[in-house]
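Next come the structures, one after another.
Shared chain: subunit A. Partners: subunit B in the first complex, subunit C in the second.
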Partner chain A sequence: MAKITFITSDNESITLEGSSGSVMALAVDNGIKGIDGDCGGVCSCATCHVHVRPEDMEKTGTASEIEADMLELDDNADEFSRLCCQLEIGDHLDGVVLRVAK
Partner chain B sequence: MEKSELPDPFEKARVDKGYGELNDQDDPVTMLLRLKDVRKTAHNYKTFQSAAQPGRIVVPSEVNIRDTRQIPFEVDPPVHGEYRAIVEPWFKRPLQAEYQEKLTAQIASLVDEILNKDTVEVVNQFALPLQSRALTLLLNTPFSESETWISWGTHVFRSEGEALDADKANILYDYIDQEIDRAIENPGEDMYSVLLSSDFQGRKLSKDEVKGVMVLTFAGGRDTVINAVTNSIAYLAEHPESLERLRKEPEIAAKAVEEFIRYFSPLTQMGRVVTEDTAVCDHAIKADTRVSLCWASANRDASVFENPNEIVLDRKINPHVGFGFSHHNCLGATHARQILKILLNTLATKVGSIEIQDYKENIESLDEFERKVGYDRINVKFNKLT
Partner chain C sequence: MTENQNNKICVVIGASHAGVNFAFALRREGWNGDIILYDADPILPYHRPPLSKAYLSSEDGIDKNLLKSAESYEKEGITLKLGIKVSSINREKKYIVLSDGTEQGYDKLVLATGARPIMPPIPGLMSSNNIFPLRTAADVTNIRTCLAASDLKRVVVIGGGYIGLETAASLKKLGAPVTVLEREERILARVTAPEMSAFFQNLHAENGVAIFTEKNVIAIESNSEEKVVKCDDGASYAADIIIVGVGIHVNTELAASAGLTIENGIKVDETAKTLDDDIFAIGDCTFNFNPHYNRFVRLESVQNAVDQAKVAAAAICGKETKYDSIPWFWSDQYDVKLQMVGLSNGYDQLILRKEADNEKCFSAWYFKRDRLLAVDAVNNAKAYVYGTKFIKSGDKIDKAKLVDLEVEFKPIHLLAV
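Moving on to the complex of A and B:
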């Protein structure tokens, strides 16, 4: 079980618990504002963009090459950006804080 | 070659030089063929604009058959974003449970109709009615309107087998004008009425702007959805193991839809007008000429997709551009995804097998490339699941 915190663009903080699946699916199932996940999690739409809290980057790791190529063309992207469909939930993600980009 | 295969005609040009050349009605197009170039160009709206003369960014060009600017499609940021913000919530309605229930009922009833018929011509007897009926949900108009749209045939801008056809386009424009007038007199909860009451820059949207959105909605989602549906049926006919897998693992349907969109690429390409002398993959491109973002080629780019010419039903990483990319990505994608997902799940629960009887391929001729986009007609028999 991992506790994952989302901070939306209007500064609402929501903490959810999950044990499997992607972080994107957890967010969509719980109606987190700004996470649309249009493509269902195959890394084609970039509608699940989050900024990882810098100290949590160790837990999430950095974006893969394909993910980075998508993010490269997002004007809001920075070195802490991830597409959260590519973050698989597991104990290693417990406590991470993600700021929703949109 | 398998009957359902869509070969990739762009591979050699994509690998060797990265672009192709197409002379479309004396307004040449440099076709960009690599995924990264297509994405970068789609994102750079300043050098590669959509807000050109109406119809010019479409390939083949529609400048000779229409003056109506399609909105938000033929507008660039920042104004594009203002229009897009108005229409986006409406186009996200397919995510609502009630919308999906209605769509499921429509598709189930259509599949029941064609089950165990000796022959079904998929394009006209299945894909066209499915697309037209589903459009009544997107527009929130009476179901009976679909009869009118079905009577127009598969293309809204061209006659069967003919090039662009202004008379055909006028049928659509006249229809939309009438519907807008009806909505002004008698506002309801349909898309026309909702657009007419929308605020834009401190005023209501004009009739021309509403028409621009409606034309885009009708034109953008017709051939594309029809091809995607027809190609899906052809593929499942030749791949009973995939139909079986969808039956056992319905949860993979969403991934299968993305993979079908990648592989079928229902829209081959979309153009942009170049605003300044520039270069793409070391090829000089002059101001006021056109480039195209060739989604169909980019979606087979082997530097990104493993086994690009195979349908991998549950492909996990699939950064395709079948719905376009960046600012102008497909507004109707949410609706299209729901149609295909519900179609796959419905076929899996009701259909045991599909047999292809005969068919005629629909081949697009693009000068140096010939691309199969689907079928002009394809007769099949659907066998009920027993």
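Moving on to the complex of A and C:
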């Protein structure tokens, strides 16, 4: 079980609990604004972009090669960017804070 | 401030990618009236692209593949009416008639009726069992069940388009012997360059799937043991399961009988509006103008469904909006991820950029003179992303640099000077 906090572009902070599946699916299921997940979670659309709180990068790790390439579609991407369909929920993600990209 | 739609009703026919995304987008745009979504499919709306890809070869139930959770619809006040067919539209009095004869009034109507698989009039095709198209979750369930019950599991796929090829790859992964029959002289003939067709033909061969081209199926014969797929050149192929992936019919009947313009699909303007100010159409069923390519197109894709959904939602809420997306698509087969951006029709030059050390990592760049029309990227998200940027910006590419692996692969270094 992991508690994951999303901060939307309206600065709304929403904490959700999940035990399996991807962070994108958790966000979409709960209607987190700005996380669309149009491709269903196969790293093909870049519509689930989040900025990981810097101190949580250790928990999430950095983007994989294909993910980093896809993130280049978004001019707002930075070193804390992840496509959250690529973040598998597990205990290791407990407490992470993700800011939904604009 | 947009007008208040209290007590107004927006009815959506079709609850797949376009219809569902539209409903949520409409709420986001501020519509506070009713939103009612109808679909003949009785299952909670799901992602369609994975059906022929990862979902088919997994053991997942459709609950792992939903577009939105049941609670999301409730939370947003979106009413789902599933397993219900719509039989007609009365534009004058603004209501629709359901197959059971009941009527539902609307203020705004959105057609997201999609398409259905073509089942060609081949003798034996409709009368035999174990022959399936692949478009719905029920199709996947039927295919999985049939495969599990079959000893030999011999699959013949009729049609070498994306659906046929993805299905072939997924069923092969499940251990089935798979043969693909394509009528044209190469697979993917309608949608990609010969070089790409050859790559995918080889990829399937490497994975043990035989693809035969120029095979025109003329009959399917069944006996108690097996089915035999017969072609007009005398060839025949034994099968236990047959998959039909020869294309789609657009579901335009409702729109046509309501007197809306049909031209290769339901014709809409740049705000996804039909000739009726209160009726919009979105997704696979539409024929819409694409400003990047300066022509009307009909696209079968998630991108088009989602982007038109957003445009229609904004337009209905009185906002200034215009569809101007660059089309994108993807396909997953075996360990290959194909990402496509743009529309390659009318290209006069194809440039292949092969990355060092990996023959399964390359990209095909379609040009018309100096203008980049499209990119097909194989295991190469960079090429896909840079292609997208170039098509969007319209910046000219130095073609010599594009193929020069000594030049750093970054848009800024590929610019023509």
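Rule of thumb we're sticking to: the second predicted complex is superposed on the first by the 102 of 102 C-alpha atoms of A that agree within 3 Å, B and C clash if a C-alpha of one lies under 4 Å from a C-alpha of the other, contacts with A are read in each partner's own complex, and residues count from 1 in each chain.
Basically, contacts are C-beta pairs under 8 Å (C-beta built on N, C-alpha and C of every residue); 3 or more make two chains touch, one makes a residue touch a chain.
Quick caveat, the model's predicted, so the values are computed rather than measured.
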Specify the outcome, clash or fit, for subunit B and subunit C once both structures are aligned onto subunit A. clash
Partner chain in contact with A:I14 - subunit B first, subunit C second, else both or neither: neither
For A:D38, select first, second, both or neither according to whether it touches subunit B, subunit C, the two together, or no partner. both
Looking at A:I66 after the superposition, I want to know if it touches subunit B, subunit C, both of them or none. Which is it: first, second, both, neither? both
Could you say whether A:D29 touches subunit B, subunit C, both of them, or neither, answering first, second, both or neither? second
Per-residue touch tally on subunit A - higher for subunit B or for subunit C: C
Which partner chains sit in contact with A:M57 here, subunit B, subunit C, both or neither? Use first/second/both/neither. neither
After superposition on chain A, the subunit A residues reached by both subunit B and subunit C are 38-40, 42-45, 66, 69-70, 73
Across the complex, what residues on subunit A touch subunit C? 21, 28-31, 33, 36, 38-40, 42-45, 65-66, 69-70, 72-73
Mind listing the subunit C positions that touch subunit A in their complex? 17, 24, 28, 47, 49-50, 53-54, 64-65, 68-69, 71-72, 75-76, 302-303, 306, 328, 330, 332, 337, 339, 381-382, 384-386, 388-389
Can you tell me which positions in subunit A touch subunit B when the two form their complex? 38-45, 66, 69-70, 73
Which residues of subunit B touch subunit A in the complex? 36, 39-40, 43, 254-255, 257-258, 262, 304, 315-323, 325-326, 329, 333-334, 337
